[in-house]
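Each structure below is given as structure tokens.
The following pair of complexes shares a single chain, chain A, combined with chain B in the former and chain C in the latter.
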Partner chain A sequence: MNLTYFRRGLVLLLLVFGIALPGWAGEPTDEIKQTTDKILSILTNPSLKGSSKTAEREKLIRQAIDERFDWEEMARRSLARYWDQRTDEEKKEFVRLYSDLLERTYMDKVEGYSGEKVTYEGESVDNGYAVVRVKIVTKKNTDIRVHYRLKRIENKWLVYDVSIEGVSLVNNYRTQFNSIILKSSYENLVKRLRERVEPE
Partner chain B sequence: MRKFDLELTVGLFIIAGLICLGYLSVKLGKLEIVGERGYEVYALFSNSGGLKIGAPVVIAGVDVGRVKNISLDHYQARVVLNLPWSVKIQEDAIASVKTKGLVGEKYIEISPGGSENNIQPGARIRETQSPVDLEELISKFVFGKI
Partner chain C sequence: MKLVYRSVSLLALCFVMAPGPCTGSPSSEAAVSTLPSDEANSMAIAMESSEPSGGETPSESLPPAPPADREDEPVQTFMTEVPPQSSQPEEPAAAAADPLEPVNRAFFHFNDKLYFWVLKPVATGYKAVIPEDGRIGVHNFFSNVTTPIRLVNCLLQAKFKAAGNETARFALNTTLGIAGFFDPAKKTFKIDKQEADFGQTLGIWGIGTAFYIDWPILGPSNVRDTVGYVGDLFFDPRTYVAYYFLIAEIVNTGTWALDKVNETSLTLGEYENLKKAALDPYIALREAYSQYRQNKIRK
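Our next item is the complex of A and B:
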């Protein structure tokens, strides 16, 4: 009689811990996989092919990326020392411009997908931060290493940096933003971003 | 008398030489002593790229510290940096291994972040970038472009 209750209690305990324990092996990788698979399915969806469907396709891709990328964290890290000095409205505007800039810059590359293979090489998790290592095999048989850096926010893993062949995206923009702000001003940086993002 | 003069001169030269050597040692030694002050942080790199102990730590092109120690930690390079107390590193700062020129010596460059929290003495710089292997990169993208 006692043993049964004990066993039940143990099973319940294991279940509770199983659900409550964050970052079990594979979780950040799974979330990256989810988003990647979502985007790949949009790109290979026959009903979304063709230039007439481009706007719709890109909107769906942007939505899938919005779910996984923490734009505010990325913008903050890229603006680095100059983030604190910004007002709340300026911060909001900057995050919007930054995410639109990245969309404009990289959407073509995403759309240029032509059957490349994506393999998941492993992950490392450490105290709410994770790195997911991915390999993309191009048609010319070259390997491209992509590392996603994620942070656990509430119960999701969100990306705050991507490094391609060891070069960090955040670092790249951080250096450029810093240089522009030092040479001219934050306002000038915003003007340049606006020109890139809203060419009309 | 002349032999004594010769020996005296030689002796004086040797003493002068030793004094110069001693002065040089103290001067250089002083640099090392300055390196002992300040605090230490460490960073993990998948590849240290031939970074040497004593290599400079640079922020905005300015030498601010030294690489104190490099060791293997779970098959990653654990690089310990010595920084002066006046230089604070934010939590989202990025430490990269860079090369002086294209094929010069390796050094650590720290790009300051925007976090309000600073990395405490003995703590880790989380964001790191191992050296980019230029040759590998070029071959990947040059040969891919045919």
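Our next item is the complex of A and C:
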């Protein structure tokens, strides 16, 4: 009698958890959408419009991005074989510079968004990694396929690569960094990053 | 090459956000969302994800694509240090083969100057004069006119449904779309353009890219895609415009130039974005191009 109840309870429990488990981490697509919504609301917020509010707007957008992107993972993949050779201090610095570069470069693109239609085409999840597929329709009616690659980190899905029509951000930087390091040195790479990121 | 500039600078936008508020649909459904249109600018988003080569503006005419064999190249030098990406079907191949790098870099520099000193000023002036709808119309027109390139290459690749789609698009857009200035085939009938070019065909047939070339004026390419570019010229109606006009070469060049300027006017800012985002724009472009082409073949 006791055992039956116990078993029944166990089955029920498993059932509940079985359904709930995927929900813990949140569907990768949903999490991407969340970030997108957040950024969008910042862009369309009337109280944040205008050039006087640019700094505030950018700060908020940067926060939203920081929540979704795993800068360290991206930096590690971009440095590839040179990552392990770095000291912890160097790694921290590199992650900071790299994320600054990306944020700076792309901030104005975010602000330049002008109503392109976006559809979420699906996702695939595999053992803690996911790919969210998105399609953007431009003004010229061409389709652009974007893939977000995410990794589950403690119940959150974080992006570690974006590829557009097959062109991967991480790969692109990896090749650049590798070329620079081969031709000069890691120190030179950092110097160039600094120059780009901290010109003021 | 617009394609690649766009893809890299689009990387920017999509990297930051996938625009579009969630309209409540679960992830399993495709949720369409449109955001309020702000003032349009030269968004990198306007990417020509599929412009056939052959006669089209230099930037897009030469599609190199690291061929299938590239994926078999020993990529351990890169990959051993990178953690396994379990659900990553698109594992990056090694950097594009580039034995002519010094020469290519020189050509890259030349193209850079050409863009900033000639193409961009002209395109900016053109943009100021012709409204965007008109320029999109011109874009659609040239796209329609180059249907034979895509059609033939779809057939060569045994993509018969795609060939059918292109035929349907041509019929619809030439008639309903008034000589191709509009694209009712896509807007109303939802028939998407099927990109195909001879370089892609050769890649699908298993021919390797050999190595990267950045042609002056024409832009990034590789050996295979250069062959593809030349091949596509035979199917490009614009090549034959000359036969019907006595002032042959002038008309040909004029057509080409118009197309080039028009395309640039629609994508101003993308090249600048690529340069701004990259530490080494030459390599950024080379790799973006190579990966883009590889993706085209894989699909």
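One rule holds for everything that comes next: the second predicted complex is superposed on the first by the 177 of 200 C-alpha atoms of A that agree within 3 Å, B and C clash if a C-alpha of one lies under 4 Å from a C-alpha of the other, contacts with A are read in each partner's own complex, and residues count from 1 in each chain.
One rule holds in what follows: a contact is a pair of C-beta atoms (placed from the backbone, for glycine too) under 8 Å apart; a residue touches a chain by one contact, two chains touch by 3 or more.
It should be emphasised that the depicted structure is a prediction, and the values quoted were computed from it without experimental measurement.
Participant: Using the superposition on chain A, tell me whether chain B and chain C clash or fit.
Facilitator: When both complexes are placed onto chain A, chain B and chain C end up clashing with one another.
Participant: Which chain, chain B or chain C, ends up touching more residues of chain A in the combined arrangement?
Facilitator: Between chain B and chain C, the winner on chain A residue contacts is C.
Participant: Could you tell me if A:Asp30 is touching chain B, chain C, both of them or neither one (first, second, both, neither)?
Facilitator: second
Participant: Who does A:Lys117 touch here: chain B (first), chain C (second), both, or neither?
Facilitator: In the superposition, A:Lys117 contacts chain C only.
Participant: Give the stretch of chain C that clashes with chain B in the superposition, choosing among 63-71, 171-179 or 279-287.
Facilitator: Clashing stretch of chain C against chain B: 63-71.
Participant: Let me check the overlay on chain A: which residues of chain A are in contact with chain B and also with chain C?
Facilitator: The overlap between the chain B and chain C interfaces on chain A comprises residues 77, 80-84, 129, 138, 140, 142-144, 149, 163, 165-168, 170-171, 174-175.
Participant: Can you list the chain B residues touching chain A in their complex?
Facilitator: Residue list for chain B touching chain A: 90, 92, 94, 96, 111-116, 126-127, 129-133, 137, 140-141, 143-144, 146.
Participant: Show which residues of chain C lie in contact with chain A when the two form their complex.
Facilitator: 3-4, 6-22, 26-28, 30-50, 77-78, 80-83, 85-88, 90, 92, 95, 132, 136, 139-140, 183, 186-187, 192-193, 266, 273, 276-280, 283-284, 286-288, 291-292, 294-296, 298
Participant: Considering the complex alone, what residue numbers of chain A touch chain B?
Facilitator: It is residues 76-77, 79-84, 129, 138, 140, 142-144, 149, 161, 163, 165-168, 170-171, 174-175 of chain A that touch chain B.
Participant: Spell out the part of chain A that touches chain C in their complex, as residue ranges.
Facilitator: 27-30, 32-37, 39-41, 44, 61, 65, 69, 77, 80-84, 101-102, 105-107, 109-110, 112-132, 134, 136, 138-149, 162-180, 189, 192-193, 196
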